[in-house]
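Listed next: structures, encoded as structure tokens.
The same subunit A turns up in both complexes below, where it pairs with subunit B and then with subunit C.
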Partner chain A sequence: MGITVSKTVYNQLKTQFGDAIGEYIETASPFIEVKSESIREVARFCKELGFDSLMCLSAVDTKGMKISSSPQENKTQKPAPPKEEIQVVYHLNSTFTRDKIALKVCLDRTSPRLPSVSSIWGVANWHEREAYDMFGVIFDGHPALSRILCPEDWEGWPLRKDYVFPERYHDVEHKRKPSGAEFLDGEKKQ
Partner chain B sequence: MTVHGEELVINMGPQHPSTHGVLRLLLKTDGEVVGEALPQIGYLHRCFEKSAERVSWNGVVPYTDRMDYVAAISNEWSFVLAAEKLGNATVPERGEYCRVISAELQRIASHLVAFGTFGIDMGAFTPFLHAFRDREKILDILEMMSGARLLYHYIRIGGVMSDCDSKICEMIKLFIKDMRTRLPEYHQLLSYNRIFIERTANVGIITREQAINYNITGPNLRATGMEWDLRKCDPYSIYDRFEFKIAVGTCEHGVSGDSWNRYMVRLIEIEESLKILEQAVEQIPAGPISAAIKVFKPAPGEIYARTEGARGEIGFYVISDGDLKPFRVKAKSPSFCALSGFHEYSRNLMIADLVALLGSIDIVLGEVDR
Partner chain C sequence: MNEGRIEEFEDLLHSIRSTSTRLGESAVAMRLDLMLKWADWCISTSRLNSLWPFSFGLACCAIEMMATAASRFDMDRFGAGVFRASPRQADLMIVAGTVTYKMGERVRRLWHQMPEPKWVIAMGACATNGGPYDLNGYHVMKGVDLVVPVDVYAPGCPPRPESLLNALIKLQDNIRTGRDRQIRAAWERSRWSNNTLTTAPLTKDVQNN
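Let's turn to the complex of A and B:
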């Protein structure tokens, strides 16, 4: 997969969708920024271009990131931390041309919301449920958005960077005591 | 098939011998016919991705072992590959050969488990004992190489943990010779057994369109006749140096994409892996096995790296913010994707055929739930 391929795809997307397509960012695996409202149309267009399989759909919470993973535009400046946001990343693969591209959508951290692509790639259904389960991202138009790995009544979004670990679940306490704590308790009683 | 009784919802699992782990299937049945089978997962969820954010780059590797515990090396390799590409680390020649040898041994071991347990699912107990006898030999070799039997922590960033010396190479040569005499036995025992063919051929068909839509990879995709193997299609490491064929569904019995063909692809892959092993053991050069990396601290960036595991494409989406720990690790597991479309290809199957379908997809729940 050459970088030239994703550059051509980027140009095609840019002419088709205009402002809905953001920057083309080169890192170890380059990606294309997409506005959240038009992700479904962009995804459908990519499928028509031959990207018939969705390899991976991941969500990322950039809170607390020290240096942005995308290269800085102004090289002279000190590397800065990125904006705090939730990102949803789509890794696509073409079984015809063997090309790969990645699309990235940046969302507001307080209410991350974007259209679902589960009608375009069947596998997105579970990936989106996982992103909802772990990050609380709402996918509009998803047939059954519910928790998938955690229990239905779990509270909070575990993979967010500000997640507070629960101390009890269903009346079972699971706060870890410092090692040897029970031994100390015994000594006190004596 | 038309039975029009009352719809009955049955729980199959999470403690059921043929769900291969803690998978619960919610079956909406009409007599013996399954109208819809909805997989309920998460019983083995350990939130590997959260743990990975709290340990050093090298510290993540043992966690990846515990995802797919039947084929641990494939997971290690995929994560390490992602980390190495981010950090621009190079691996010495001999290290690459050690990786190929361990990964191919692991693939055979994993396919032997698939072969044996699928036999049990179909009511044949003997093949399981044969498969585990032969798998034990691989585990012995891997134990010699890494010191562990199942969860190896063998592949490290920059190379491998210990050498594959001449003694181990001799063991592998003996194993290859031995395994080649066993494969015809396997075919006699199970592959061309009349009852087995009746139970699996034309049963549980996954079409190519379905497979691509649900991103099913590995042997399950190849059973539909599609030549897609990342070792050839998106080559990594030194796989371009070896001569081997991509195993695809033969359609000797049944149609492409059915349970029998999925099963058969794995047995052909064992043969092909033996070929790779034979060449690797012959070619292995002298030299160091690992690059000397004192502190691994890749520059900020992100990458999606993938390898061909025993169950399909194992992918890792890794983000670095220039710290000693990865900022985000997302594991794409092939079994998770294969299960996500289960409701579609299990429609209108008999309950007994559902077992054939599930057994031939060969899932590992540790990897589904992570």
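Let's turn to the complex of A and C:
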């Protein structure tokens, strides 16, 4: 069962928030695009609509992303390559109506920043920390935004497409040199 | 025999031997030597037949470790079936799985919490040298021997229970012959024992936990 955006939910959001909600796009996995400033209000409204469960909060880096055209689309008209941005995606589920929607916020790659929704769904706390850890998205109003997976003194945002792998962590080399020789030498001498 | 197992008696042995040879009583020294060797044998045999592993799994290798401990392969046949939940009660650390840099610090801390004598088995490709994360695992430590001295490496991804049992038997052989002390000393001489992950004070989040 994929994500389906029911037209009624979309219309409710559109009448409530107007310009903050993007166009309704019919794709294989539909989503509602939301402006970053109003994501908290939209999220609160969605929760009042009955979307009580935030299934997933994750981020996407669209740098260098290629779109494969679906068979339904017109083959002659090539889709434009997506803008280079960081998207934060919210998958919501209603345990009452079994309805699922996806919200998407597009952010600037240089300084991604948007309001936190951890006060609305408690589960967003760790998910936002993970998005911060992997993509460097800063969530305003998060109670304790710190790295959750990488060590605290880690540098860079590992899941960004332009991430350069570190050569060492502290003084442990990332590429192991084949010079465990001194270890083996001690054995051979004995 | 297990040479150098009881260093504290070595000096005593030498002094007695020199005295007794001066007195022309080499038979006494020989008997003492035999007695110490016998005590040595007793101690190492007891140790190698009651290795208590630390129940400590990091990734999928831990599933195979559990299978090794379960009834079909039954690690308890070799006296190593008593998995302890505390490092204070364990002799053997089986590093079963991928060691990330963040976990590496914790592995080192747990190893320090184990009482001497202690041994380490690196189980699987990840714990041996990074394994499948060798090229593209930015977060994976390339071998747990960068932070703790490893006695035996068990190859495989993950190793079958037979392989882990083989590593255990190999470790028992090492303890029997005293080779484990040579390995430990060689590791402590090597540059691996001197990196900052091994020697630096623990970072803030480790101290808080």
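As a convention for this text, the second predicted complex is superposed on the first by the 161 of 190 C-alpha atoms of A that agree within 3 Å, B and C clash if a C-alpha of one lies under 4 Å from a C-alpha of the other, contacts with A are read in each partner's own complex, and residues count from 1 in each chain.
Methods note: contacts are C-beta pairs under 8 Å (C-beta built on N, C-alpha and C of every residue); 3 or more make two chains touch, one makes a residue touch a chain.
Just so you know, these numbers come straight off a predicted model, no measurement behind them.
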First (subunit B), second (subunit C), both or neither touched by A:H170: second
Touched partner set for A:V89, first subunit B, second subunit C, both or neither: first
Contacts of A:M55 with subunit B and subunit C, given as first, second, both or neither: first
Which of subunit B and subunit C A:D153 touches, first, second, both or neither: second
Which superposed partner A:N125 touches (first subunit B, second subunit C, both, neither): first
Touched partner set for A:T27, first subunit B, second subunit C, both or neither: first
Superposed model, subunit A: greater residue contact from subunit B or subunit C: B
Overlap of subunit C and subunit B interfaces on subunit A (superposed complexes): 149-151, 158, 163
Contact set on subunit A toward subunit C in their complex: 149-153, 158, 163, 165-166, 169-176, 180, 182-183, 186-187, 190
Residues of subunit B that touch subunit A when the two form their complex: 41-42, 45, 47, 49-50, 85-86, 210, 212-215, 226, 228, 233-234, 300-304, 306, 313, 315, 317, 319-323, 327-328, 330, 332, 336-337, 339-341, 344, 369-370
In the complex with subunit B, residue positions of subunit A that touch it: 1, 27-29, 31, 52-56, 58, 60-61, 65-71, 79, 89, 91, 95, 98, 100, 102, 121-123, 125-127, 134, 147-151, 158-159, 163
Interfacial residue positions of subunit C with respect to subunit A in the complex: 101-102, 104-105, 129-130, 136, 138-139, 141-143, 146, 182-183, 185-187, 189-192, 195-197, 200, 203-205
